[in-house]
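Both of the next two complexes hold chain A, though its partner changes from chain B to chain C.
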Partner chain A sequence: MGDFLGAVGDVLTSSTFYASAARLSALLMFAAVGELVAERAGTLNISVEGMFLSGAFASALGYHLTGSVVLGLVVGIAGGLLIAALQANLSHRLPADQFVVGLTLNVLVVGLAAFLDSNIKPVVEAASVLEIPLLSDIPLIGPALFGQTWPVYLIYPLVPAIGWLLYRTRWGLEVRAVGENPQSADVSGIHVNKRRRQSIYVSGLAAGLAGGVFVLGLIGSFDVGMVGGRGFVAIAAVIFGGWTVKGTVAGSLLFGVADSFRFTLPSLGYQVNPNLLAAMPYILTLAVMMFFAYRSRQPRALAQPFIRGLR
Partner chain B sequence: MEVRELTKRYGAVVACDRVDFRLMPGRIQGVLGENGAGKSTLMKILIGLVLPDEGSIYVNGERTVIADPLHAAHLGIGMVHQHFSLVDALTVWENVALGEPGSLDPGHTRSRVSDISERYGLDIGPEAVVGDLTPGMRQRVEIIKCLARDPQILIFDEPTSVLTPAESEQLFDVLRTVVREENRAVALVSHKLDEIMRATDEVTIMRAGRVVDSMVTADAEPASLARAMVGRNVSLRREAAAIGAFSDVPTPLDQPMIPAREGEPALAVSGAVAGHDGALVLDHLDLRVWPGEVVGVAGVEGNGQKPLADLLSSLLTLDEGAVVVSGREIPSGRAGAMSRAGVGVIPEDRHDSGCVLEMSVAENLVLADPDSVSRHGVLDRRALALRARELIEEFEIRTPGPDTPLWQLSGGNQQRVVLARELSHRPAVLVASQPTRGLDVGAIEYMNTRIKEAAESGVAVLLISSELEEIAALSSRIVVMYEGRIVGEMDRADLDLERLGMLMGGAGVGVGQS
Partner chain C sequence: MTVDETPILVDPEVTTPVTPHRRREWGEVVILYGLSIGLALGISAALVAFTGGSWREVFSAIVEGSLTRPGRWGKTLAQSAPLLLVAVGTIVTTRSGLVNIGQEGQLLMGATAAAFVATRLGGPGPVLLVGALVAGAAAGGLWAALAALMRYWRKVPEVISTLLMVFIAFSLTGYLLSSKSLLLDRDPARANRSVTSGQVPSDVRLPTIRLFGNEFHSGVLIALATALLLAYLLGRTVWGFRVRMLGHNPRAAQRAGVDEARSGTLAMATSGALSGLAGAVMLTGGVANYRLTPGFSNNVGWEGLLVALLARASALLAIPMALLFGGLRTGSGFLASTGVERKIVDVVQALLVLALLVPPAVLYVRQRRRALAATRDRT
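And then the complex of A and B:
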């Protein structure tokens, strides 16, 4: 036990821990705030995992072809949107079940990305680190918040933008109404399934960007196993956050921190079973879900398809 | 606004049958009819939620097709919905803003909400979250949302069903302002006679999808309205003719049964209170059924019949009151408790709760009591097949075989499966909720005969039906439900249709008591 506390202490005083926690949290946050929009409209969008991976591969490909991080990210977003288009149109235009579609897409993306990856073998480099002068010199949290590669910083405008979209625009109002009570929204003259499709596109955009940031901002390479369930953890962050923007940000931070423990502990010289360590964020996710599943109030029409005329 | 020859069909059911209807500025037009008479469908057509199959709609003299609610709003038609169109999680002003065009302007919307609530005396805060409001206050929000678009035509669909008497009075005040001072046209849809008499200028009476009468309210009498609504002399039903009912006063199937009604009742519900969404669905309901009698529960649909059936299927938990079956008190809402105590239920919607369409006839027949054909939790296929064959024979179920999936059977035969299942474990009480809805003549006759036979064999039968013909033909005693209570009772021998109609419409109960 003493060893354990010592290890935790070491980790908490290591600036690499804060830097990696911030990176991994930001990564989840991209996917999670997008997922939040889809869920507020009533779609439990499990294909966010596939969008994430699709975005990661597409950005690697984009960088491979153009040599530009900016274009790499743009192609990554397109990769996320592609999966979003399939999810949105199959489950909210055609009457396919959203979970069946989502599961299928997730499996499809893994296979497709592995196939293309082994054939094209995209060569990727991470974007350069952009240290914000003065701010990045703050001990511990300075490098974490202001000493990252530049794509990571995109999270700073994205979070308030999502908040604005959901709470300050008519579109956001309609999205929230659609997720709570689609029949009422329909009666009020809102095209329910159109709003749901659009909100899935927002999720695809954000998850695609998450994949791009992962490849071009964090790792500098692509591997099919790299996303490894982080899309699902993003869903958990939304649930943990009680379907609010602030809560989702907090959830992303929590899971990001847990994720970074498993990277920081070995790098500080501690010997922990790597498999056990890798399982830690997911054990935490399960524990959190058990606790928060009762507490929070989800959008009332979450995961319920809308068919006109049915009450 | 005017509609002519409007017709809407749902499959074989004609919801609106060549309906003519008119709304004039400065007048309140009442629409009276039982549930299922086509009132709501007509209103949904006017607001663009449902497209008519035939007929024409004129707004301000011009022929139009109302494609969706947004289009209706554009034409100046607004509706205050029976089932609210509000989103619980949003605030009052957000709900008012919902579905309007243009960009979101919270400040402007808030002040508009305040203006309207002041002008009409509808006191409400724009920042309140709708889910926290009482049904009466939610309706105010609904009205404000509607008035915010300045409609020329306002439609109110059963507006007082969730209101207290004082709130209803206030609503009628608003209606008067809207009509007399602002010269708008109002349609008030209701099945309550009181309300129609008090609030409307003219009234249109609908029954079975047709307009059966139209008159100036001041010249109408409640009794004649009641008669027109329940349709004594205008029975359009072939079914009624088929079971020999309804020449003038319906005759019972054969001789009136002589109910014993001594000793202990098989079923006794006392002081039952249950709420749903803030409204009482059962309001101190008292009911007793003795072995051998058929008690018919008459009433306009939506007055607590479904909660009563749910209560006896263990689907509803009481807030107050008790259910006693054969002398034992049965806890409400505990899955299977009523069934074990000997209450058999033929549910209102056999597709929804009566049976599993994808499973075979045999499996459905033992669904309520799989223990009877299994050993140590393992189904005995042979016993199952044997039992299924017995029941198929006994209840004359027409099926290719016991393993045929239920959905391949006709509605009448599906209902026989449900009946066989419920009667096969010898219940003390049989609850039949709308048992013949959607069935053809032969199937109806069969069901009715079986129900009567069950009663003769000593089962206490509670028959819940919106078909007065059916109730009159089968019951030995009739009770009337209105707003979750039993408001009247008469023996079959003393059947008085006029009084029955009045009771069903809530007349003679007085709005003040609810």
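And then the complex of A and C:
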């Protein structure tokens, strides 16, 4: 136990830990805040994993072709939106089951990315580090929050933008209404499935950006296994956070920290079993859903398709 | 509940089934399926052509590798067996109105439990083999039952819990394979860094069946028998009727005396047990050289789920669908000779699934539109 506390102490005083935790949390946060919008509209958008990977590969491809980080990110967003378009139109224009579509899209993206990657082999470089003067000199957390590559900083405007969109616009109100009670929303003249499709596009945009930031902001290379379930962790973060913006951000931070523990502990010379840390997000999320269900109420129509006249 | 009890006055004319355009509907079905499957195959062929391959070669390699080369259709049967088991289990939950998407994890838990029995317990071979299969089914069933328990006790949606438990299963298996006191191979000659369990002893393996120069493990028979048994159970027994009633209308089922929590948990556990059995069959049937590995499940759970979706809740239809997917899996092994990356098979599979999803959805929409128009004409 003392050994364990020593390890935690060492980690908490290591500035590389803060930097990597911030990066990995930001990564999850991109995908999670987009997923939050989709879930508030009542769709459990499990193809977010596929959108993430699609965005990652598309941005690697975009950078490979243009040599520009900005264009790479834009192509990455387009990659996420492509999967979102399939998911949205198949499950919310046509009445195909959303889980079936989502799982199939995840399989499709893995196959497609692996196939194209082995044929094209995009060459990627990470974006330049942008240190914000003064702020990045704060010990420990300074480099973590203000000494990253510039694409990572996109998370700072994105989170408030999503909060504004969900809670301060008519569109957001309609999205939340559609997720709570689609029948009433429909009667009030809201096009339920249209709002759901749009919310999936928002999710695809954010997840595609997450993939782009992963490739161009964090790693500087592409590998098919790189996303490796982070899309599902993002879903877990939304649920863990009780379907609120603050909660989702907190969940992403917590799971990002757990993720970076896995990398930081071995580099500081500690032997840890990575499996338990890998399972932590899922176990915590299930525990939260079981025991704090009364506090974190899910959108009432979550994962229920809407077909007018059927209930 | 008073709302439900108010008698509904039904105009007998409106409820008569609307079937004026039978022939046109059949034409629609054929055209829609033809178009969407053609589109899926067309996209796949375009991808192959775009990367400089020849789709004719790819097609013949897949057919040869899965069917016509000597000894290959036995391999296809062996690949299809676990897919069929998973699919049939999934159909039970689909029929009961539950959504189980955690087959990959349930299968892995089954394989892990079977590995424990087969490599860590002693005893006569046949007993251990049966023990391993039963343990696999039990582990998978319990893993799924946990999700059902969370649903009925704490109202956690089973869609989320089954999905999240897939990743917990992966971590758990990885953990068990990390120490020699648990499941890691104790053989001192074990290659350094190889993370596998010990090999299943030769007398605990599923007997091999030889037929016309093809070999496959007897798990194929288990899977086939299970599919037929469940088709019977679901269609012809009280249990099956309860399950289907629950799926059609849980409230009506409860009024008729079906205990939702009990029947639902049983359906979920059955589904998990069949996925777990699939894992045990894979392990004792020779996947990964009779050793448990961290990635042992190798997408069989996900693909079995897709097979179930394509079979549209029919245990009998699952048999040809499982063979199709099994064939694509074995056929992909022959793609190396054509110079096309074997991952193209994953793409083809996924596109085929999407292609087969679209026509029923379109038909449903059109049928509803027609029915609505018909009622509008009357009023």
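A few remarks follow.
Convention: the second predicted complex is superposed on the first by the 287 of 311 C-alpha atoms of A that agree within 3 Å, B and C clash if a C-alpha of one lies under 4 Å from a C-alpha of the other, contacts with A are read in each partner's own complex, and residues count from 1 in each chain.
Everything below uses one rule, namely that contacts are C-beta pairs under 8 Å (C-beta built on N, C-alpha and C of every residue); 3 or more make two chains touch, one makes a residue touch a chain.
Keep in mind it's a predicted model, so treat the numbers as computed, not measured.
Judged by the touch definition given at the top, the superposed model places A:Leu173 against chain B, while chain C stays out of reach.
By the touch criterion stated above, A:Gly6 is placed in contact with neither chain B nor chain C. Legend: residue contacts after superposition of the two complexes on their common chain; A:Pro266 is shown touching neither chain B nor chain C.
Put simply, more of the residues of chain A are touched by C, taking chain B and chain C as the two choices.
Contact with chain B, but none with chain C, is seen for A:Ala185 once the two complexes are overlaid on the shared chain.
In the superposition on chain A, no contact is made by A:Gly67 with either chain B or chain C.
Of the two partner chains placed by superposition, only chain C is touched by A:Ser118; chain B is not.
Once the two complexes are overlaid on chain A, none of the chain A residues touched by chain B in the first is touched by chain C in the second. The touching residues of chain B, when paired with chain A in their complex, are 49-50, 68-70, 73, 81, 83-90, 94, 97-100, 102-104. In the complex of the two chains, the chain A residues touching chain C come out as 44, 46, 86, 90, 94-97, 99-101, 103-105, 107-108, 110-112, 114-116, 118-119, 229, 232, 235-236, 239, 273-276, 278-279, 282-283, 285-286, 289-291, 293, 298, 302-303, 307.
Residues of chain C that touch chain A in their complex: 47, 51, 99, 101, 150, 154-157, 159-161, 163-165, 167-168, 170-172, 174-175, 178, 299, 302-303, 305-306, 309, 341, 343-347, 349-351, 353-354, 357-358, 361-362, 364-365, 368.
If you check the complex, the residues on chain A that touch chain B are 168-170, 173-174, 176-177, 180-181, 183-190, 299-300, 309, 311.
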